[in-house]
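Shared between the two complexes below is subunit A, which pairs with subunit B and subunit C, respectively.
For the complex of A and B:
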């Protein structure tokens, strides 16, 4: 195309530096995870998979992985149901008040999670939700709602409202219209929101530090403790597993988006 | 009985200060094809949406076979509807789209399949049952929308500008198909359009709307030949307007006194009769005017000069400047035009006394 200029050497260089800045800290854990030493360091005499072996055979690590996974799954269900219903409700009513509701729903993204965590700590005590599976699921589920509201609202913005009218005109009840017309059309948005809500819970640390202690010990929490107590390279191995898992989820998301187009 | 009768009684819809539909009453007999015709913003779509149940009237009632259905939600009315842009479900195949109204009614799969096949046969799309809507052309999508609207034996078929998205040739084709379909299945159709040709060719009854008001309601011939107001004459086809003073109006006719000459008018049917000595307005269709040969005469003759002309293939369109009546437009069949039109050419225009009809000025 005429009129669009290629980036100059300066712009190009800046772009590469930014990209490296984003990626390098993530990549550094890879050699560390493969170290042959017994502490957090780069490999000296050769690479070794011993730390992966440690992680995948240790009941503590496996227990935390399992716990994180089930919490993320349960809180994702909560986020998706609440977030989707909220987005559809706002879309259908569509008044100034619903804009306010949508803004309110984004609060968990806007407010620092440490402030949120302090508040949760105060409320969860009397409700006996501290250090409980349910407590963490609620905390993660509620703070995951914004991701779902955003992605589902975006999908709904592209939804032709006449399809809903057409369905109603042909005799479909509200729930039939929802199940057969609206949900199939916005499914990519829902799945996208679910993936983000899952990742949000899967790597959330701050709130867990406040509202969980012994019984609920998620994966990010165990990494945190590991760094504080001993510099076991097993943590780097866990980090690599985490990154790979997250990347897989993002790839699924991208594939779904491409198919939706 | 296959079709149903529809009545609107004093239907009104206001949005704040704006009156979209203003006190509209009309009756459609069973099996008729009604067209709501008007420019954009005339309230025609609002009326259709009120009939469908998507718009709640501020006042008035919608009756089906004499039964008041105004409080019923759209899903309880059993009306088939073809939406503007068709509103086919993009994630469903053609067959699933057509089966949708049957599915929401909980019909068995076997019943559904038979009816879907019959409906697709009706619109000649059986071969496309498994395609997705986006794999079809505009005309085919339109026919799927028709099949979907008809598959559940609806009480009424509502059409919201069904042909507006198609190109001219396809539109003419589908007009014929739609008309044939209406004759074949004998249901009551309610169509909304701003295309006067479509309205004339399809309808049994036309309701002409302007600014939310029903201006005139009747058969296409009646409306074209005897428009009640200037707006109707102008919107449904083209028209010249001649102004003057009415002299001696009676059941048979009248004379329109203009500065230069009197225009003889013979009433061919019931018309709005102007007051004797009052101001009157005549509507005169361009195709009812002929160019006279030398020596030829007519009940009304006006002399003028051709100011502009256009060759339309089938005919000539002339704009003739006259001394006292202003510009007069005439359309003549090209193959029997007595003169080769040219700018500045003096011509004599003639028309029969029953060619012009008196019309009212529209209330502002």
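For the complex of A and C:
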């Protein structure tokens, strides 16, 4: 489309300003994390890695990172299994009949997490799931299902249904068809969904604020406390580590998509 | 019939884990908690009466609506500029622009709020730089107020605004624009009379998406508002965690769900919901 019709100076300027507004504030945490001062500031007489050292040797931070990681892994498994099966079922059964199911699967994206969080706060009490690993895994796993349903459905849209019919016609059982015909073809979609579900759990704070308190203290929860109580450069170091980690996951996702194309 | 009947039952069974999980662990907790608004402290519509009588309740609602409308406006404006630039860019430049949109989308909302606090607080980088340059003599109140909330929320919402608009701009036939140019329209005329009207479905979808996401937003307003400017989500959390007023908190939660559903219903005639949310997850 370029060539025939360029953006005017106003449009171009606004686009540039917006891009800088989106990216620059995030980059600012890097110099702040490398500051040689003991308070939030830019480096004065040189850079220092002391704040990264503080974070990476602190049992509290490491404990929270580990907890967040295991919760994210477990809830991703839950989201991926339930979401993938559901997307395949919806795809194979007619669109009409599964409209309600699809709508149901979108709910966690539409309803604000604060609503779900207060619901769980009340619901998990009698089930003894408050402040439990399992409780957080369920909460994150269920709300991660939409991401998997969306990416797997997209992958399935490009899949030729005649392959599945041929496999069935030649006598393959449902589980054989799933395992040997459908799953290998939609693997990139599943992995993509898994990455999004993982990031969703890894970053999730609102639910955790309500359903976890002492025994389960995830990384976002510790960052939240840090922002509200003591703003120090160690927080910036954590932010940098998180950004690097997210970027790595996104790079994996992009590489997988490129290979799938 | 028998064999195919069994097969289709098998396909239906695939839906079971997800549907059961969502019903028992998503829908049930929410329905249960929202009914509290009719039962506590006493059965009836007492909590909903507060919508008409309590100034505090009304103030929270108006503050939320004001911030959400402003956020939607700015997110659409900035998002439109980016989506437009992406649509017109060469394939190589396009991937850089898209990266500038996608990277912030996936970076933790906490990290972004923290970055804004670092920049905007009283002794923050912006105020310090301006003071050292002699532009101002007193630090500007850039955060822990409505301005701070807006800056952070628009920053969060721009990527969500870009994706639906980009999808609809990509469907615009480039030859239409070329034809308009060929017929003697100026660049501004082509944009106003051809491109802008054709991109409107995307703008509306983006507006709905940003508005409903903003309504229930918790983390960014809580951090950048500093507890002084309360939006609905933070107010609900306050009622339930600190004041233990479940009835009032769940009443507001119900109103929030109703507001979101009504917005979606009204606009579902104009925009395709499934496509809208499909674009968010990639």
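One rule holds in what follows: the second predicted complex is superposed on the first by the 255 of 261 C-alpha atoms of A that agree within 3 Å, B and C clash if a C-alpha of one lies under 4 Å from a C-alpha of the other, contacts with A are read in each partner's own complex, and residues count from 1 in each chain.
Heads up, the rule we're going with is that contacts are C-beta pairs under 8 Å (C-beta built on N, C-alpha and C of every residue); 3 or more make two chains touch, one makes a residue touch a chain.
Since the model is a prediction, treat every value here as computed from it, not as a measurement.
In the superposition on chain A, A:160 makes contact with subunit B only, not with subunit C. In the superposition on chain A, contact of A:116 is made with subunit C only, not with subunit B.
Contacts of A:89 after superposition on the shared chain: subunit C is touched, whereas subunit B is not.
More residues of subunit A lie in contact with C than with the other chain of the pair subunit B and subunit C. Using the contact criterion defined above for the overlaid structures, shared-chain residue A:168 touches subunit B and also reaches subunit C.
Using the contact criterion defined above for the overlaid structures, shared-chain residue A:181 touches subunit B, although it does not reach subunit C. Subunit A uses residues 168 to touch subunit B in one structure and subunit C in the other. Against subunit B, in their complex, subunit A makes its touches with residues 160, 162-163, 165-173, 176, 180-181, 184-185.
For subunit B in complex with subunit A, the residues that touch the partner chain are 52-54, 73-76, 78-81, 83-85, 87, 89-91, 100-101, 103-105, 148-149, 152. By the touch criterion given at the top, residues 1-2, 4-8, 11-12, 14-15, 17-19, 21-23, 25-26, 28-29, 32, 40-42, 78, 81-83, 85-86, 88-90, 92-93, 98, 101-102, 104-116, 118-124, 138-139, 141-143, 145-147, 149-151, 153-154, 168, 174, 192-193, 196, 199, 203, 205-206, 209-210, 220, 223-224, 227-228, 231, 235-236, 239, 242-243, 246-247, 249-250, 253 of subunit A touch subunit C in their complex. The residues of subunit C lying in touch with subunit A in their complex are 7-8, 10-15, 17-19, 21-23, 25-30, 32-34, 36, 77-79, 81-82, 84-85, 87-90, 97, 100-104, 106-119, 121, 124-125, 155, 158-159, 174, 177-178, 181, 187-188, 190-191, 212, 215-219, 223, 233, 236-237, 240-241, 246, 249-250, 253, 256-257, 260, 264, 273-274, 277-278, 280-282.
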